[in-house]
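For reference, the structures are reproduced in the following blocks.
Each of the next two complexes has subunit A plus one more chain, namely subunit B in the first and subunit C in the second.
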Partner chain A sequence: MKKILKLFSSLRLTVTLLSLSMVVIFFGTLDQVEYGIHHTQKRYFESYFVIWQYPEQWIYSNILGFVAIPMPGGHLLGYLLLINLLTAHLSRFKLTAKKLGINVLHAGLILLVISEFMTDYLAIESQMSVNEGGSSNYTFSITEKEMVLIDHSDPDSDTVYSVPSDQLKKDKSLNINGTPFQINTHEYYENSKLSIAPPNAPSMRIPITAGWGENMNLRVAEKDYDYSDNASNISSAIVTIASGTQPLGTWVLSNIINNQLPTQKFEHEGKEYSIALRFTRYYLPYKIELIDFTHDKYPGTEIPRNFSSKIRVQNESQNDEDREVLIYMNNPLRYEGLTFYQQSFDNDETTSIFQVVKNPSWWMPYLSVSMVGLGLLIQFLYHFTKFIKKSAKS
Partner chain B sequence: MLCSKIRVFLLKPLVAVSCLLVACGKNEQTNYKIPKEEIQFTVPSIQASSPGGEMAKGKVPVATDSDLPDWNPPSHWVAGKTSNIRKGSFSYQENSGSKLEVSVTVFPGDVGGLLANINRWAGQISLPPYTESDLKNITVTKTVHSTLATIVRLNNPSQQKSIIAAIFKNNGNSWFVKASGDQSAIFSQNTSIQSFIDSIQFN
Partner chain C sequence: MKKFLQISLPAFFLVLLIFYIFKGLGPKNYKHLNERQASENKESFDVATFASLPVLDGGRLKPWDSIARNSLLIIRGKESIRIEKNTITATEWLMDVLMNPEKADNYPIFRIDHTDVLGLFGWKQTDQKYFSIKELQEHFPKIDEQFKKVNPKSQLRNTYEKAIVKLFQSINIYHSLVHSIHSMISPGALTKEYEAFEKGIVEGVVAIDLQQKGEKFDKDAINRFMLFADHYLELSKFATILTVPIQAGKSIQEPGEWLNMGQALMERIKKDRFHPAVLLYGKLTESFRIGDAATFNASVKDLKYELEQYLPARAKIDLEYQFNKFAAFYLSKIYYIVIFVLSFLAILFRSKEMGKWIYYLLLMTALIHSVGLIVRMYIQARPPVTNLYSSAIFIGWIAVLLGVLLEKYFRNCVGAITAASVGFVTLLVAKHLEMSGDQMEMMRAVLDDNFWLATHVPTVTIGYAATYLAGFIGIVYIFMGTLSDRLNKQMSKNLYAMVYGITCFAVLFSFIGTMLGGIWADDSWGRFWGWDPKENGALLIVIWNAVMLHARWGGFAKERGIMVMAVFGNIVTTWSYFGTNMLGVGLHSYGFMDSAFFWLMVFNAVMIGIMILGSFPFEKWKSYSSIRGIKSH
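This part shows the complex of A and B:
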């Protein structure tokens, strides 16, 4: 036990882990150029192990393509660093004035590592898109997708049953919890091409029997995933919805269909349902209305000077709160645990796009950094006063 | 002694937080209620291209109920169920049992173009596909209440099935009025079908 404790609390382990962190950052940065920030973040920093592969986009990839370097992922390094810090801190913990600064500093570092994990697991980054004169009560992820089945039978509200797209696996069936339906996924593509079948096109492996896929005789083909940061990959799925042993139809679902065409609906036992594949939505208990979006430029140039959105927040759950707010660059709206940043615009400057960040642990890095600073200050003052006293004596 | 107590005191919440964090972040099914939504089709969208072509990004207006044209169906046709795609639905059955169905559907864009749509219908009554040069033999264009309509007639004598259809373009959408069914019913209702097509009036 002592040996294990010694191993985990050793400074050698700290140095090794920090060195490995630098290696992971280095190779992660290399891959970020080819695969974009989201993919790299997930692969290198939100994982336990990762294998760096010589990128096929590089020169001599036909010769060096076999080169692969395995390394620990960010989560593993983070947990090991946390254990290392904790064991070092606790095994050498002494409640003395001499060690007070060091203890506070270490506690700050431990809190910093924990805050990173908290942010990783709890923070949600999404977007909100609102047209001038329109309003929105949800934000949507730009990376995560969901298949939704919406029950419209209640006259006052809709019930959304959301299945994360990760669960849509080829030729797998799953129950949609809370409904009498099963979904059988025939195909799921992270990026795809939708086209209208030419005359005499061969029939598909799975015939489409419902919705826009049937009406427009759509064909779906897989495409290489585009990792660039501004890419708009089109996710598509071919699914059969069944109730018990009774199939209700086979649909083409795609975030691009859902974006444009009227919702795909079906009826079952007198209830109306709709189905869609879309970017995961996060609904809010309030509405954001866009009154006006302005895009100021420096006079006589096309250089942007400012983007701003005049919005109205309407919140019935907060005593019918109704107030106007101006969001502009570096002046976000912080409301009900979310921060709305002005991010972009679209549709000839009539649609405003906000980046919406929910991070319940946002205060932790501030506290931890303050603790580290305080620890250093205490330690410095302790030694400084000791030095002054010593000098005075001599 | 005090130190070890403090160690235990510090360790417990840290272990609990770590366990909590490991348990978090799982992708699971959820369900929740939302207010009834008015669907807006405002985000960058797709447009149907020529057959075989990839759907391209663009901005296509989608018909709303306010775009619904006026029409006047014959009184002997039985109105059927409509949906967000099928804006009008009628059926008729003769005493002999032969019947036809009339539908009014709307799609954004050109839904692949005239030839693709005609060939889709041709396939429905087991006719071989047409080529571009055949179009002049099976289509006529006419103006119906200031809107240009393309009238298509397809007949498959061997299967005793026929289709009379009209395609209207309005506000970026394609409206299809299609009467399909048994040949005898289509022939006997020819005048009624023509009158119905002629009654379509966009605001």
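This part shows the complex of A and C:
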């Protein structure tokens, strides 16, 4: 037991783990060129184990293509560092002036590592897009997708049933809870190409019997997933919806259909439903209206000087709250646990896009960073004054 | 070395430096321009006033002098031209381009190195590297055609594509300059031309009016008017530099409304008179072309007075001109070489006497470097680091200040030699970065926040500087120990203390700086940490410094190990500082660099070489016996 404790609390382990984390960070940065930040972050920094592969795009990849470097992932290193720090301090803790800075600093570091874990597990990033004059009551993910079935029978409000896209697996069927329907997934592609086939073209493995897929004679082909950060991957699914044993039809669902064509609908037992595959939406109990978006440039140039959105928050659940807010660069709106940042714009500067972050642990880095900074400062000043005194004597 | 030399050598350079400072502050002699009309007329052209006329370019108010230097630096890679033993300054060149393009068109200024680009024009790689616009003229269609084929993603371009883009941009800059202060119909008789245009407007308007009423009208009058109008419209498309103000500015950020010359000429159609600046620029051009310095000088003063009415209160156009002329960073760069050589000699000859003088020399050079940095901040009204260029200058500055401190306490010339090395290299890098354009450019929206620019950026940059300084001391240690016997016990102990102290300093600043960056990111993008390349790079520096310190405390690395590790710190810092910018991904890629990749690799190879040298068995070191305290002779 003592031996294990000694190993886990050793400086040798600290140095090893820190060196390994440098390796992971370095290769995790390199891979971003090919796979984008989001994907790389998941693979390298939010994982337990990862293998770096010599990229095909690099020179001499025909000779060096076999080169692969296995390494521990960010989460594994994070946990080990946490154990290392905790055991080291628990077993060697001393409250002296000489060690004060070190203790504060490492306590801050422990908090910082924990806060990064919390962010990885708890934070949700999404976006909101609002047109000038329009409003929105939901944010949407830019990576996660969902299949939705919407019940329109209530004239006041729609009921949305959502199935995360990772549950749509080839030739698997699942019940949509709360409805009489089952979905049978025939195909699901993370990225795909939709095309219109000529009328006499041979039919597909699964014949499409409803919706735009049938009307336009659509064909769906799989495409390689594009990991770059501004890629627009088109997800598509071919699904059959059934009620009990009776199939209601086979549809092509795709997030590109939502943008370009009216919603696909069907009727069952006198109720109207619509179905779609779309970026996962998170509904809010309030709505945000965009009054005006402005984009200033420096005179005579294309260099952006400022982006700002004048918005109106309307919240019926909060005493009919209704107020105007200006969101601009480095000045987000923090509201009801969410933070709205000016991200970008679209449609000839008439649509404003906000980055919306929900991160319950957002305050933790502030605290931990202050602690580490303070600890470092104490330690540095302690040694520096000692050095000055010493050299003044000599 | 003789005692006399040990004192007089550094003292000589110190006096020389003071002499240069006063010379730099004084007026400059523009030989090239004034030789021409010296025989006819004793008065010389008032270049200084012309060079400090304000214009609006890239959203920023600046003197013509800055445009001249930036443009020539981009086009030619140097701030002056040499033709048959004559040196033409950037300002003189610009005046020829603006007012006497027929002459300027013959100056060989377009630098072409790439064999394939030369081959495109049927030229062989010879001694000629610089070409005039006249020589390039017939190849414009080819350049245009090749430019259109270039990969739109700038980080994926090959060297040929980069060379084509650079040539295309250089030609554009040149054309923009040529079209920026007067019409090109009759540059020699602009006053007459503008009068004719005014007459043409009156007659043309009458004729058009009649035409619209369906009455008899003078078709020639309309044609004459259209001839001018078409040309001026064309002019307004070429000129990117705005030279005519129509609305006064409020601040540096809001410089007011300015027009380019084509637009200003067209304005006459709506207004009842020309803007005085239009006529004065015309007059300047006419008098310059015939060598009439008296008229030129009178007009240029009027013009300056006229333009200054529109400047916001805090614009520092004249100061910027003086700043350019003084060339503080150039002077510092030269002196870092001097200090390097002198420190080398001092260490070689174990001269304490020389060390004292070197300290003063370093102090003086640091002062000039500081003046440059502070004046730049004052002109821009910004914190010290706003882009890659200013970060290079800042890194050098911090390293030099730390070097001064080290020198003050240790007096072993190692602080001086490392400070001078870092200072020189960073200023060299800065000069190279300057070739990509104006380095006081306006800040993009995300960056336009003085609070974070004043906190996060300098702190993290100080961390870079300190890590470099520790790395360079490591290099000195390894070279001194392996290649000479000058590394004795005391020296070795001192260097170790220096590296340790600086690494502590580096960890403090790079950590606080990186984390402040996280807070800024949380404030503007909604995430504290995004694993963006630049963030990761900064984190690597923090971790590496932490590894060094823990390795020392754990006793895994002793004196020599720490030195080798410090040298590796140079690689880590360079990766973070430059390497990550070459990746071209992430929110931080605004600091994008074109192609320093080669030099980055050379630097890394050299560092690895030094690390290997430092890892040679101790017994093989030339200083082995002196470190052990054994007298070898």
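In the analysis below, the second predicted complex is superposed on the first by the 357 of 394 C-alpha atoms of A that agree within 3 Å, B and C clash if a C-alpha of one lies under 4 Å from a C-alpha of the other, contacts with A are read in each partner's own complex, and residues count from 1 in each chain.
Basically, contacts are C-beta pairs under 8 Å (C-beta built on N, C-alpha and C of every residue); 3 or more make two chains touch, one makes a residue touch a chain.
Computed from a prediction, not measured in an experiment: that's the story for all the values here.
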Putting subunit B and subunit C onto subunit A via the overlay, clash or fit?
-> fit
Does the superposition put A:Ser47 against subunit B (first), subunit C (second), both, or neither?
-> neither
Considering only touches as defined above, state whether A:Leu194 meets subunit B (first), subunit C (second), both or neither.
-> first
Subunit B versus subunit C as contact partner of A:Phe117, first or second or both or neither | first
Identify the partner contact of A:Thr294: answer first if only subunit B is touched, second if only subunit C is, both if each is, neither if none is.
-> neither
With the two structures laid over each other on chain A, which partner does A:Gln182 touch: subunit B (first), subunit C (second), both, or neither?
-> neither
In degrees, to the nearest 10, note the angle that opens at the C-alpha centre of subunit A toward the centres of subunit B and subunit C.
-> 110
Look at A:Asn315 in the shared chain and tell me whether it touches subunit B only, subunit C only, both, or neither; answer first, second, both or neither.
-> neither
For A:Lys94, is the partner it touches subunit B (first), subunit C (second), both, or none of the two (neither)?
-> first
For A:Thr29, decide between first (touching subunit B), second (touching subunit C), both and neither.
-> second
In the superposed arrangement, does A:Gln127 touch subunit B (first), subunit C (second), both or neither?
-> neither
Quick one: minimum Cα-Cα distance, subunit B versus subunit C, in the superposed arrangement, integer Å.
-> 17
Shared subunit A contacts, counted only where both subunit B and subunit C touch the same residue = none
Which residues of subunit B touch subunit A in the complex?
-> 2-3, 6-7, 10-11, 14, 17-18, 21, 24-25, 27-37, 39-46, 48-55, 57, 59-60, 62, 83-85, 105, 107-108, 111-112, 115-116, 119-120, 129
Taking the complex as given, what residues does subunit C use to touch subunit A?
-> 56-60, 240, 242, 253, 255-258, 260, 409, 441-442, 444-446, 448-449, 452, 501, 504-505, 507-508, 511-512, 515-516, 518-520, 522-533, 536-537, 539-540, 543-544, 546-547, 550-551, 553-554, 556, 572, 575, 580, 583-586
For subunit A, which residues count as touching subunit B in their complex?
-> 79, 82, 86, 90, 93-95, 110, 114, 117-118, 120-122, 129, 131, 134, 137-138, 152, 154, 156-164, 166-167, 176-178, 193-201, 212, 215-217, 232, 256-257, 259-263, 265, 283, 346-347, 351
Report the residues of subunit A in contact with subunit C in the complex, numbered from low to high.
-> 10-12, 14-15, 18-19, 21-22, 25-26, 28-30, 32-33, 36-37, 40-41, 44-45, 115-116, 119, 123, 125, 229, 297-301, 303-307, 329-330, 332, 339, 341, 355-357, 359, 362, 365-366, 369, 372-373, 376-377, 379-380, 383-384, 387, 391
